[in-house]
Structure formats: C-alpha cells, structure tokens
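What follows is a single structure, written as structure tokens, with notes after it.
Going by the order they are written in, the chains are A, B, C, D and E; count residues from 1 in each one.
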Amino acid sequence: MNTELIVFLVLSLVAIVTAIVMLLHRNPVYSALFLVLNFIAVAVFYLLLGAPFIAMAQITVYAGAIMVLFLFVIMLLGAERLPDAKVLRLQRPLAYGLAIVLAAETIYLLFTKAGSNLVVTTPDASLNTMESLREIAMELFNRFLLPFEVTSILLLVAMIGAIVLSKREKGEPK
Amino acid sequence: MVPIEYYIILSVILFSIGVAGVVFRRNPLVIFMSIELMLNAANLAFVAFSSVLKSFEGQIFVFFVIAVAAAEVAVGLALIVEIFKSKRTIDVDQLNSMKE
Amino acid sequence: MTPPTFFDFYSLLPYIILTVWACILLLVDLYIPKGRKGITAVLAAIGIAVSLGYSITQTGIEARGFTDMISLDGFSTFANVLLLASGLFSIALAYGYTKRMGIERGEYYTLLLFSLTGMMLMAQASDLIIVFLALELLSIPLYVLSAISRKLQSEESGLKYFLLGAFASGFVVYGTALIFGATGSTNLSVIFTQAASVGTSNLLLTIGAALLLVGFGFKVAAVPFHMWTPDVYQGAPTSVTAFMAAGAKIAGFVALFRVFATAFPSIASNLTDILWALSALTMIVGNLIAISQTNIKRMLAYSAIAHAGYVLMAFVPYGNETVSATAVAAGLFYLAAYALSNFGSWAVVIALEKSEGRGLGIDDYAGLAKKYPALALCMTVFMLSLIGFPPTLGMVGKFYLFRSAIAGGFTGLALIGVITSLISAYYYLRVVVNMYMKEGDPDVEREPWLGLTTSVTAIATVVVSFVPQFLFLLAYTAVLR
Amino acid sequence: MEFLLQPLTILTFLPLAGVLVLAFIDPGRKNVIRWIALVTSLVTFLVSLWVFSMFESSNPDLQLEAKYPWIQVAGWNIYYYLAVDGLSILLVMLTAFLTPISILSTWSAVEDRVKDFMIFFLLLEVGMTGVFLAQDLFLFYIFWEFTLVPMYFLIGIWGGPRRVYAAIKFFLYTMAGSILMLVAIIFLGIKADTFNVPTMLVRLPDLYATGTIPASVQMMLFIAFAAAFAIKVPMWPLHSWLPDAHVEAPTAGSVILAGVLLKMGTYGFLRFNLPLFPDASVQAAPWIALLATIGIIYGAAVSYAQSDVKKLVAYSSVSHLGFVMLGLFALNPEGVAGAILQMVNHGLSTGALFLLVGMIYEQTHTREIKEYGGLWKITPIFGTIMLIASLSSMGLPGLNGFVGEFTILLGAFGSEAIGNPWYAGISALGVIMAAVYILYMFQKVFLGPAGEITHHHELKDLNWREIITAIPLVVFMFWIGLYPKPFFDILAPAVEKLLSTLPL
Amino acid sequence: MHLIETMNTGFFFLAPWLVLAPVIGLLVNAVFGRQLSEKWIGAVASLASGTAFVVSVLLAYSVAVNHGHAVSVPFAEWIHIGDLKLDWTFRVDSLSTTMMLVVSGVGTLIHIYAIGYMHEDVRFKHQEGRFARFFIFLNLFIAAMMILVSGDSYLMLFVGWEGVGLCSFLLIGFWFEMDTLARPSWANSDAAKKAFITNRVGDFGFLIAGFLMFWYLGRSFQFDDVFAAAPAIAETQRWVIIAITLFMLLGVAGKSAQIPLYVWLPDAMAGPTPVSALIHAATMVTAGVYLVARSAPIYTLVPEAQYIVAMVGAMTALFAATIAVGQYDIKKVLAYSTISQLGFMVAAVGMGAFVAGMFHLVTHAFFKALLFLSAGSVILGLERGHHAHAHHAHHEERHKVRGKRKEEREHEEHKEVFDPGDMRNMGGLRKTMPVTFWLYMIGTLALAGIFPFAGFWSKDEILLDANLHYTSVYWQLTIAAFFTAFYMGRQIWMVFFGEARSDAAKSAQESPKVMTVPLMVLAGLSVVGGALNLPFEGFHHLGHWLGYTLGEVEGLPLNLQVAGISTVLALLAIFISWLIYGRNPLKDHQSDPLKRPLGFVFTGMENKWFVDEGYGVLIITPFKKLSQFLAEVIDWRFWHDFVHDTVIAGTYNWLSEVVLNRYADQKGIDTFFNSWGSFTQWLSGNVRKIQNGFVRSYALSVLLGVVLILGYLILK
C-alpha cells in the first residue's frame, strides 16, 4: 500500500463523512461548512489527478465564492431550523434506500457487469505541470471559444435574473 | 498510484449522497447544496477520466460546470430569498399551493 | 491558433444576431419608460424576426463551425425556425398579458430572447459541452421568468422549476462525464465513431446516455421526470407557460434527437426498451391524470406531458437505420403541429384569464361559443388538433408518428398511442362541451395580438393539414444523417 | 388546381361554399340562413345528379377518378383520390338526397343558433360524401373521423335532455373503433408502400402469397378494420351508443345518423374489409353472420319493448343493419347487392321514420308511445306517410325494404361462405318480429282511440313544407320496391367484380 | 309455355291491366277523393274492378281459344342479380284465369254492394270522410289479389300474398279507433294487427320454402322452372321437397286460416261487412288453396306431405265447425264457417283433388259472399231500426250536448250499447227484411250442401275424393258437413224466425237496391254454380278447363252412397236445429238451449276452445316478457348500464382504490359525464394524488426513474 493510496483513502473518508454530515445536519450553517470541507477534499483529489487548475478553481470559486454566498444567504434568512416533517415520513428511508441502490447499481454496472469496458489504468501525473495549464488556456480560447463565450452570456443572464428577481419595481408590494 | 476505479466509486458515492439530499431535505438551501455536491461528484469523475485519457477536455468541462454552478447559485439564491420574503419560510413542503 | 472564420460565424448567425440584439435590448430598455414596455416587446419581436429571416435563408445549407462545436444543417434550421416562430408567438401573447397582470418589465423580453438563444444553441449543438451550456442558458431565464410575477404561485413555481431543473442538470453532467470516460471526447461525431467501434456492450456509454436521457426527459416532461410540469405551468404567468410548453419542449426534443441519433445509434438496442417504456408511461400517465383536472392550465400541462410521450414514440426505433430518418422527421413535424395548437390554446387561455388569476377553471369556458363564436371555434380546432382529429395538423402529425413507430416494428406502442388518444379525447372534449353545450357568461379580453395569434394558429392548424407537403418536405430534409 | 374542377371534388366540397357564405351572415337572419343552406344542399344534389349522369353503370371499375398526388414525401405515397363505382354511387346519391330533406325538416324545429346548425350540417355532408368517395386510406380516414365532429355538435348542442352524455358517448365509441383501424391502415400502408386502395389491391395478393403478411396478421388487420366499422354499423353487441345518440339527437341529426352515418360502417366492410382481406373475410363470414343474426333477432325483440318511439326506431336499426351485415358476408351477388340496396333502403325508410317522428315531436314534445293514439284520424296525411314508411321498414313487397331483405336472406340462405342456411332461416324470423314491433308502434300511435296527447294539443296535419320533405322519400320507397332494376344494374357489375377476387 | 309473340289470337296483352286498372282506380280516388261525391267514388272503384273483370273474361276467352295453353306476359324486369332473375310477368292459364274471374267478378259485385253499405256505415259512425278511403283500400286489394293469382313465379305470388295481407290489415282496422260496437277501443286495431302478424308467420314459411326452392330447384322462382327441376330432386334429395311443401303449408295455414294459424280470421270480422265477404270469405283466404293447387306438381311428388295437408284441412274443417255452433254473432258464425269450408278446400287440394278444391273454392266464393253480404244487410237493417228508434228517444238530449266532440256525443247517446250483429238481438226478420231473408236462405242451403245448390256439388266432389283416398279425412269432413248444416240452421231460425227480441229488430228496415241487386246475382250463381262441374260424363267442365293447367284428370262419377250420406246428414242437422231453435224460438235474454245439455262442451265451443287464450299464454306473453327482459334487463340494465357504466368503471375504481389510492375521494367525479369518462376520471383523480405539490416527491420520482432505468440495464 503506497502513500498515495493511503492519502486517497483518508481523503475519501473525509469527503464521504463530510458529505453525509452535510446531508444530515439539521442546521444549514453546519451543512454549508461541511460542504466546504468536502470541496476542499475533492480539490486535493484534483491535485492528485493532475489537475491543479481545476483544483484552484474549485477552492476559489466553489469553496470560496459560492459557499460564502450560501452562508451569507443562510445568515440573511436566519439559519432557520425547520420543524419536523409532518407528511411524507416515508420519504427519508426511501431516499436512503434509493440512493444506496443507485450507487450500488452504478458501481455494479461500471465495474462488474461491464468490467472490460473501462480501461483500468492509473492516473498520469504528467499533466500536472505548468505546461498543461498553458495548454488548457490555449484550448479554452481556441477550441472552446464558443463555450467560453456562451458561458459569459450565461453569467450575464444569471446576473440579470438575480436582479430581476430581487429588484422591485416602483409601486410593487414589498 | 490509485486506480481510477477508486475515484469513480468515490464519485458515485458522493453523487448518491447528493441525490439523497435532494430527495429528502426540506430546506431549499440544503437541497441546493446537495445539488452542488452532485455536480462536484461529476466533476471528480471528469477529472479522473481526463487524467486517465490524458485529455484536457474533461478538465475544461469541469471548468464550465463550475461557471454554470456559479450562475445557478446567483439565480437560485435570489429565488430562495424572494420566497422567504413572501412566505417567511423556506420549507419546500410549504410550497404546495397548486397541488389541486 | 486559428481565429474563427467567417464561416464559423455564419453557421451560428441567427444565434449571434439574437444574442447581440438581446444585449442591446437590455441597454435600450433602460431608456424606455415604465408603462410603455410594449416598445421593448416590439423591438424584441423585430430581433426575432430578423433572426428568423436569416435562419430561413440558411435553409439547405450545411456547415460546421467553431471547431466542430456546432453544426448547421436542415435539422437545426428547421428547429431554429420553429423556435423563433415560437418566440414571436410568445411575445404576441405576452404583449397585453404582462400589462394586464402587472408584470410588464423590459427584462421579460430580454430574458425571453436569451432563453431563445439557448434553445437555438441546443438545436445546433454538436458537442456535449454546448448541449450542457445551452441547456442552462435556456433554463435559467425560464426559472426567472416563471417567478417574475410577484404572486406566491409564480415564485413557488420558479423555485420548484429551479430546484428540479438543477437536479436534472446534475444527471446530465454526470452522464456526460461517463460518456467522456467511455469515449474520451464530448464531441458527438467522435463519440459516434468511438461508440461504434466498441458496440452495444459498452455499458459506461449506455449509462451515460441513460443519464442524459434523464436530463432531456426532464426538459420535455417525460414520465417519471414530469412532475414539476403541472405546478410550474400553473404557477408561471400564462404567457411564460406557453413559451415554456412549446420552446423548452422543442429544445429538449431537438437535443434528444440530435444527441441520440448522431452519437448513440450503436447502443440503440440497450436504449430502445427504455425509450419504449418512457414513451408508453408518458402517454398513459399524462392523459389519465389530465382527465381529472379542473384548471385549464393544469390540464394543458398534463396534455403537454402526454404529447411528449407521442413524440418519444416516434423516436423509439431510432437505432433502426431505415427508420431513424423518418422518426426524427416525424418528431419535428409533430413538434411543429404541437407548437401551433399549443400557442393557440394558450392564447385562448390568456384571453379568458382575469387579472386576479381567475377564469382558469374549465367551467369558466361555459357558454363561450354563444358569446364569442370565433374564439370558441378556434379553441375547438386546437382541441381537435391536440386529440389528433381531422381536419387538423395534429391528426397528420400523429399519423406520421404512428407510422414511424409501426414502421419500426412497434405496433404495440402505436396501439397504446391510439388508445391514450382516445382517452385524451375525453378531456379535450370537455372544454368543447363547456363552450358549446353549457350556459355561461364568460368574459374575454380583446387584445389584437391575442386575436391574431389565435386566428393565425387556428387557420394554420387547419389549412396546413390539407397542404402539409412543404412542412413534410422541410421535416424530411431536416433529418439527421 | 385542376383537381378542383373534377366532378367528384365539386360534389364533395360544394357544401363548403355554403359554409363560407353562411360564415358571413348575421346569425339573426334565420330564414336567410335556412335558405342558403337548403339551396346549397340542393345544388349539391344537382351536382350529384350530374355525376350520376356521367356514371357508366355497366363499368365495374372506379370511375370519374380524381387522382392527384397529395403527400408524396418520405415514401408516404398519399393521393388525393376520389372515385366512384357501383358500390358507392348509390350511397353518394343517398347522402346528397337526404341532406336537403334533413335541412328542410329543421325549418321550424331548429330555432336556436340556426347558423351554427346549418354550418355543421353542411360540414357533415362534406365528410359523408368524402367517406364514400375516398379511395386512399389516408383520405378516407380523414373524412371518416371528420364526420364525427359535426355530428358531435349536432347531438350535443341541439339534442335532447341528455345530449351531452349522448354526444360524448357517440364520439368516444366511434373513435374507439377507428383508432384500431388507424393502426391497421398505417400498417397496411407501410407493408404495401401505398395508401391508395386500388394499388394496394394489386400488391396485397403477393404479400399474402409470399407470407410477408401472414394469415394471422391478415385476420388481425381484418379485425382492426372491422372494429371501426362494426361500432359504426352498429353490430350487436357494440350497439350501446346507438339508442343514446339517436334518442338525444335532433330530428335532422337522427335522419342523417340513421340514413347515412350508419351506412359508413357497412360501406367500410364492403369497400375495405372484403377486398383488402379476402381470406380473412371468408374465414370470418360465419362469425359475422352469427353476430348479424343475433343482432337481427335481438334488435327486433328489444325494439318491441320500447316505450319511446325514437328508441324503438333506433333499435330497429340494429335489426335492419343486421340484415345488411348478413347480406354482405353471404359473399354472393344476391347477398351483397341486396345488402347495398338495403343500405339505401334503410336510409330511406328509417330516415323517413325519424323524420316523421320528429315532426310529431315538434308539436307534442313527447315521444312516449303510450301518450299517443288515434292520430291517423286527426292527421290523415301524416298517418298515411307514416304507414308507408313503416311498411317499407318491415319489408312489405312492393316497397323498397322487401327487395333488400329478400335478396339478402336469399343470398345468405345459399351462401357458401356462411356455410349453412340456419342463420338466414332464423333471420327470416326477424321479418315476423319486424311486423310485430312496427305494427305495435303504428297501432299505438296512429290507431285506436285518441290518446292523451290529443287532449292537450291541437294537433295539426302536415303542412306543405313537411309533405314536400317526406314525399321524395316515399317516391323512392315505391320506386325501389317496384322497379329496382336500375339500382341492381348499377350494383351488379361492381359486385361481381368484388366477389371475383374472393377465394370462394 | 308460350310467349306472347307466338300467339296470334287472344287478348293476352291485356294482362297487366288486371293490376293497372284497380291501381288507377285507387289513385283517382286517392287524389280526387275529397272532391268527389260518394257515388262517383263508388263508381270509379267499381269501374276499376269491373275493368279487371272484363279483362279476366277476355283472358279466359283467349285461353279457351288457344286450347288452354299457358301464356306468359312479361311486363317489366324486377330483380336481376346474380342467379336471381325475377320479373313482373303475368301468367295466363286456366287456373289463374279461374281465380281472376272469381276475384274480379265477386269483387265487382261487392264493390257495388259496398257503395250502399258504406254509405250507411259511415253515416252511422259519423265519419263521412272515410268513404273514399274504403274504396281505395278495396281497389288496392283487388290489385294485390290480381298480382297474387296472375304471377308467374312464386315471388310475384308472394308479392300479392303479402299485399293482400296488408289490405286485410287496413280493412280490418278500417274503424281503427273503435271496436265492433263503435266504442272507443283498441279492439279493431288489435284485430287488424293480429291478422297481419299471423299472416306474417305464414309468410315466413313461404319465404323459407322459397329459399329452399331457389337453391335446390334450379335457382329460379318461375313455376315452370321449379316444376321442371322438382322430380329429379325428389329422387335424390327428397327431404328438400318435403321441406318445401311443409313450409309452404305454413304459409297456406296463415293465409287460408288453417290450424294452427286460423285465429286471426274470426277477429277479422271487425272489418266492415263487405270486407268480410270479399277478403275473408271469397277471395283472399282462398289464396292458400290456390297456392297448393298451383304447386300441384310439387305436392304430387311427396304423398306424405299431401297427407299432412289433407289432415290439416280436415281437422280445421271439423274443429272450426264445432266452434261455429257456439257463436252468437252473425258474422262470427260465418267466419268459423269460412274456416271450416277452407278446411274442406285445403283437404281437397291436399288429397290431390285439385279440381274439387278449386270447384269448392268457386262455389264457396259465391255463396259465402252472398251470406256475408246478406248478413251485412241484416246488420244494417237492424242498425237502421235501432237508429229510427233511438233517434226518436234521444232527440231532446242531443241538443244539450252539441258543444261536445262528435265521438263523445256518440258515446253518450249509446250508453247502453246495442250490438246489431248479435243474433240474440234479432228474430223474426223474415217479415221486416223479406228480400234479405230469401237471399240468406239460398246461401244457407248452398252452404249446407243441399241438392241442387252449388255447395252440394262441390262439397260432394271433395267427399268423393276423400272417400277414395283417406278414410279418416272423409269421416272428419262428413261430420263437419253435418255441423255446417246444423249451425246454419240454427242461424236461420235465430235470425229470421220467431219473434223480434229487440226494438231494433222490430223496426228493422230492408236494404236498398244497390245492395240487394248484387246479392241477387250472387244468389243466382249460388244456385246454378254447381253446373260448372257436374259429376256426370261430359259435364266436367271445370275439370276439363283446369286440366289444361293441372293435367287432365278423369272426373269422378256420382257416388250415390257418399252423396246420400251427406245429404241425409245435412237434412238431419237442419231438422235437429229446427227442433232446438225453430220449434221454440229463443226468448229475450234466454241463454242458448244447447248450453244445458252439452255443458262444458258448449262452453268450449262458445269460447272457441280457448285457443286464443292458449296462444296468449304460450306465445304472446312469453314473447312480450322476453322482449321486455331483453330490452330492460339485458340491453339496458346489463349491457348499457352495467357493463359499460359499472363493470368497466367499477373495475377501475376497484383497481385505483386498491393500487393507487388510500385517500379515495369521489367528489371530483362529474356525474354529468358519462360513466366511461368517470372511471378514467376517478382513476386519474387517484393517480394525481402523487402529484402532491412537494418538491421532494417530484425529485423522488426522478430518482425512481433513474434507479429503474439502471435496474433494467442490469437485468438486460
């Protein structure tokens, strides 16, 4: 068992546990914080997999900006703890059950039934260089120019949307 | 080195946890977080595949996913805030005025 | 380092025009005084019309652009025209309605245009990245539009749509990831070649495709991914609903057709049964539940679900070389027919809707024929078209769908289709019964654009059913090869 | 646009011209509207005479063909294809003939929304004529389904107290049958690569011979078509919609429903089931004959127990149409020709019965038999015409009903396809039973002492308009009864041709 | 068979006018009837009928000069399809001309008589407008009857056969709004309906016989073709011929009022008397006899069928004769007598004695028409007497009720209903109505078979044949002949002798000339009619004449034993009737003197042996019940309501309740819509419960979909 595997196992344990805590914790603030932890753990995986650029983006955009926004909203709304559900009591066990089934099915399909499809190799850390970062940038503005532009439009639209939703016209009820 | 399968299995587990969260949580913020978790799991799979296939495409996809997630968050949180303003609660179970 | 060429831009011209126009409109709108946002509507319509014009000139041209990210072909042109026309109708419906409902905001039209660009991009996408981005681009404005009215129902529908939509995109992303893992690419043609070399045993690809199907199924409201539809359709402002019911559905199907027909024919044997079940379930559940509705918006929502099932039916045998062309053509044709009847019927709904949100019960249609015979007649035409009854385009469309299903060897599915059509006759006719055979005193808003939309769609629904050749021809040349 | 000038196109779509004119008339000007509708239908009738004058009765083939490619994309091969032959010309004429009569009958019966009524009625005529003329399955299907729409409105808006129930039931029942047919049509269209019936008839034998369409599938197709037609006919036991629809429909609607719409079902069997699925037809003949026989006896018995005149006549249709089905599936010239003639006869006699019942209903507003009595004395002309119609309906020689029923029974008695004479023998009992229920009705309404109704109403005999409405029917009853030769001359070549293709 | 072209002499071309003349007559009356006076109407109708008679005479002459060759006169084509070739073709031969002569001859006389009779009848019933209608129907009847006798195929015969049935219906129901005593009632129309439907039962037999004939005997209905094909088939498929003859017998039984279908004929007396004379005595009811005679070549092939026919005839003859003894209505007696005499004829033609049967048919037409018409004269005489009496008594009262409707007034006037046809109201009429009395006597003697009246010769010939062929038939007929004489004697004594038993009878008046003159002609024929076919060598005129068609039969010589027995029995019967009814005339309100000695037997006779009641219990009520059951229970409640509304709906309800729904809620069901709709509606109402508005549930549904899809992929 090499060190990388140990790191992987530990981190994955962290990721799973934080995810589950996020899922189960009744206080959304805690949920958000555990999610941040989870994101950070995943960012480490990205590094392990040779994707430093993504890892950085993960930490800055996701763990940083997005989750901060979440926390901000949670605080704004008073970090409400919802009362117990009165209806659909079956929902929770069903959700657990189905989620486990989903995971089991996917894993079974991917690795047992289809076995040979996936070329099982180990990740190649050679991508993990500054050179690759440059390549990504080049790709982004050449091959992926259009998606990039579309993303910009998308962000613009999201901005307009957020404004439209929150900005009240004069005379509208508060 | 860690075999790719491990990453995929991890991503599947995270994805499933996210799905479960969407299905049984009632706080839209947490639901939203669960969705983020799902996207994150997908991203992990992408990066893993990308690393195996020695292709940047996966990483770039992840980049776009993160951008889209940010856009979604902007709109989603605005919506949640608005709902809270109107209804003074964000329990999605209370959002059933139209069930007929 | 190859900068984009003229051809790259040309291949995406309608989209670019519309995007630019939308951005400009956003600025122009700032200078249009409140209460006169009708000008924005007209401007938006002009933009769509220009785009539509260019789109039409692209008929028959095939090209690929932006490093094979998008493709321009008969299919995309057909879809673009259809979508842009839907956009025009949507603006016509919104023109008076938004003012009446107190939601007259310039951003309404901007968002509508942006959503439209997303849909168009969807039609032209030949890379899963574009598919994903387009999906979001069309969805996010719709989330906002659904919630644009300050009424609780509207906001509620917006949030529901948003949460579930994001949930569905999660599956899309994960599916894309698996496909990427299986083929090493997100480009559809690459996927096709890769997939063909691996064959049907490629489960990674199959699961990825299945997850994509979930996402698209959500957008087109296929059972069991349909449950958001009635609530969202009911809660959203009716003009938005109409746009959603036509545009989002068309876009969803267009993406489904494009992705599946160009990328996944080799794994059709794995997917056909799933499609079969989805189609059958959608037809059955949609039609059955529609019967018990008393709110016309909800009823039309379920009807929209059911129609997704019919379109899917044609697509079930898509893996069959000889049939897939017809399947796509039939689907497109039916979508066109559906869009017409859809806008027509929503226009009637809007005409009867009161500003307090009343006038939406099916009972409120009682006596319409006596007071407003023309409107009732138009509504009857739409209802017949949605049943699939001659002499309407809906009948020709359904005939086409059934034909491709049967040609693909799915007679049983066609049987389910016709039987559920029979069931659907019952609830559509209930509207007709109310209009013609019951006494009542309905009140109708007389708005010129509404009237125009109603009559144009009604006449088109009938007339085109007699001369459907050109539409056939267009749909047939639009097939994906 | 050349197809617009074809005689059959003109015949089919001429009523649309009336509809267009009506669309621009103020709904308040009822008499103008009535006249326009009447004139339109009369002109259509004249056109049908013109068509008839061009029809060569000795020619067994399709004539006056108007065949133009319609939808020729993507292997659809759909034609706009109207044509007429000996099998359909009489029914076309019947349609053109009954429509003005029905319109005339509504002169004072329909006061509410006259414009809508006339528009729907003329649209109905378009559909019915189209059904009898279409030679392309797609076109046929369009016309076939289209007829439902105006009829649905006619029942639902101008019908009796339970009109909405009846209208919806009518719509759903008929549609339930035709959707199966739709699937079969598409299936056939794909296999034969055309929807055009004559071409299909050329290609199908090969497909059957080579097993491309195995016998079992042929039988299923037969059943799918039969489902649509049998509901329309209606064959026992699928008749449950009929009493509702007939009783609730307005008079003119009942006349057309009984006179023409039901014939669409039997015509469908004749035009499509027999030639398209010859082996299945021969195989099914005994079973259809069995159902027809049950229908004859059952319909007659049930008629007798009715207390509502209209319902009685409605159930009598079940019995009469049973005869038609029996004749069709006798699969010999006597039976088939008799059946076609009987379709016309039933249109005339039952049409007349509904017409007359409607005329009296207009005055009394009751259809309960027991409230009537002794009307012949008060309204002699009415009674006499009713008597003739009744006698025609019960198949008295010298009137049209006999010629049809006799040839049908004769054909069925010796039919090889049916295989035994018992069905015809038992069906002949229906002739007795017809006398029982028709005479029961005639006696209780027209004979005997003056009934309750005469105390409340000053009953008037038929006025000139009503007499003019009824007389043409009476004339044809005698004509066909006494000198049916011209009619059989028209039928014979086409029937012989049809039967020659069957494996008998 | 010769076609008209080959014949050089003769008036064959006139044959269609047999039918056309009365049709023209009826059309004239139908169109102009309202404008014409009664005399003109009667004249037109009689002229039409007379024309037919003249044509018949000319045709008979033509047949005679052509040595009896049968001739077909084509008129028009009728039904030509497949193997079926039917034409309107007239067949003129000795058999058909005989019938034509009888029908048109007797018919014309009755037309003339009816002018007088109906004149009074419509006045007594205050229905003057109906005069024309009566003659229209009469002419229609003549036309139909002519079609029947002149047709050259079974089918044309059938057309006339049903046509006369219709006329019978119309004429029996002529006074459709009342009963025979002019009270508002369903009785007359019931009688009419009964006649038609009973006849239709017979027609059913005829039809089946026709179908068998067509498919087994040469695919034709032409007499010649059928007869030509029959012998061969009789060799190979004997059952076919037997079936044809027996089914035809059913038709005969219907039309000629034989057991078991005779029941309609007595009720048919509800029609005006000329109708009874014309249709229900002289012509229509003999159509069955004609049919058997016409089918002689078939019947002679199967003696077993012949025997059945003869037995049916004989039994009818005897059975009806016994009933006649117990009747009080003057026309009912004659009606049962007619049935009985028809039995004689059917027995005769059944035995193969076609000439005898036809002979009796002819003479019976004379004397039975005479009897009926005389009975009509009696009834009208009484009616006149009654009115003369009543008019006087009620004159004052009538003024008060002028405002009321005619029938009601009529009603009140006749509170105590007077039955002018009841023999118990008669008596002593020979004084007040002498002419009628003598005419009636002649008819009676002819019917009773007293030498030398016509009935003697014809009946004797039947008995002769019966004696030769079937002893049982012979004895039945002989006993029937005895009863015949007895009930006729009873009638004479009750009606014309003794004292008047009512005011009306006292003041009865003789009928006018227009009625009595035709009667005299008939009386003359009843006397000398026997000369047509005397049982002496060289005098078998009718036999010779019919021989042209039926094949020459050697006439039987007079058998003194047979003639003697029948004559003695007849005289004995009349004597016994004198003992009972003549010697001690009936008193007012006295019951029949036979009642006590005969007991229940007489009750049986009086009540027609309860046959009608039996039919009621055995056939009519069950049929009514069955059709009620089918209509209400099976069709409506089971099929319409239960299967369509409950089973389909119920199954789905149950399913949806069990499978889909714990919150069953029926409020949503719009009862307005039909049940099929409501079941789907209910179902859908239950399904939509899942659509509860919860985002979580919607997400669950999506998840479920994903899990199922993946599960499918695993299983695949």
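FYI, a residue touches a chain if its C-beta (ideal position, glycine included) is under 8 Å from a C-beta of that chain, and two chains touch if they have at least 3 such contacts.
These figures come from a predicted structure and were not determined experimentally.
For subunit E, the chain with the farthest CA centroid is A.
Ranked by distance of CA centroids from subunit D, the top chain is A. Chain D has the Cα centre that lies closest to the mean of all protein Cα atoms in view. Between the chain pairs A-B and A-E, more C-beta pairs are in contact across A-B. Centre-to-centre separation between subunit A and subunit D, using Cα means, comes to 69 Å. Note: centroid distance subunit A to subunit C, computed from Cα atoms, is 30 Å.
With each centre defined as the average position of its C-alpha atoms, the distance from subunit C to subunit D rounds to 42 Å.
Chain geometry summary: the mean Cα position of subunit C and that of subunit E are 76 Å apart. Counting only residues that touch two or more partner chains, subunit A has 87-88, 91, 94-95, 98-99, 102, 106, 109-110, 113, 118, 144, 147, 151, 154, 157-158, 161, 165. Shared interface positions of subunit D, i.e. residues touching 2 or more other chains, are given as 164, 168, 172. Of all residues in subunit C, those that touch two or more other chains are 129, 133, 136, 140, 143-144, 147, 150, 158-160, 163, 167, 181, 203, 207, 230-231, 293-294, 426.
By the definition given earlier, chain contacts exist for A-B, A-C, A-E, B-C, B-E, C-D, C-E, D-E. Of all the residues in subunit B, the ones that touch subunit E in their complex are 19, 22-26, 28, 31, 92-93, 95-100. Remark: subunit E residues 692, 694, 696-697, 700, 703-704, 706-707, 710-711, 713-714 touch subunit A in the complex.
Put simply, subunit E touches subunit D in their complex at residues 76-84, 155, 158-159, 161-163, 166, 169, 173, 176-178, 184-186, 188-190, 192-193, 196-197, 200-201, 203-204, 207-208, 210-212, 214-215, 407, 623-624, 626-628, 630-632, 635, 639-640, 643-644, 672-674, 676-677. Interface residues of subunit A, counted against subunit B in their complex, comprise 2, 4-5, 8, 12, 15-16, 19-20, 22-23, 28, 31-32, 35, 38-39, 42, 45-46, 48-51, 53-54, 57-58, 61-62, 65-66, 69-70, 73-74, 76-77, 80, 82-83, 85-88, 91-92, 94-96, 98-100, 102-103, 106-107, 110-111, 118-124, 126-127, 132, 135-136, 139-140, 144, 147, 151, 154-155, 157-159, 161-162, 165-166, 174.
Within the complex formed with subunit C, the residues of subunit A that make contact are 106, 109-110, 113-114, 117-118, 138, 142-147, 150-151, 153-154, 156-158, 160-161, 163-165, 168-170, 172-173.
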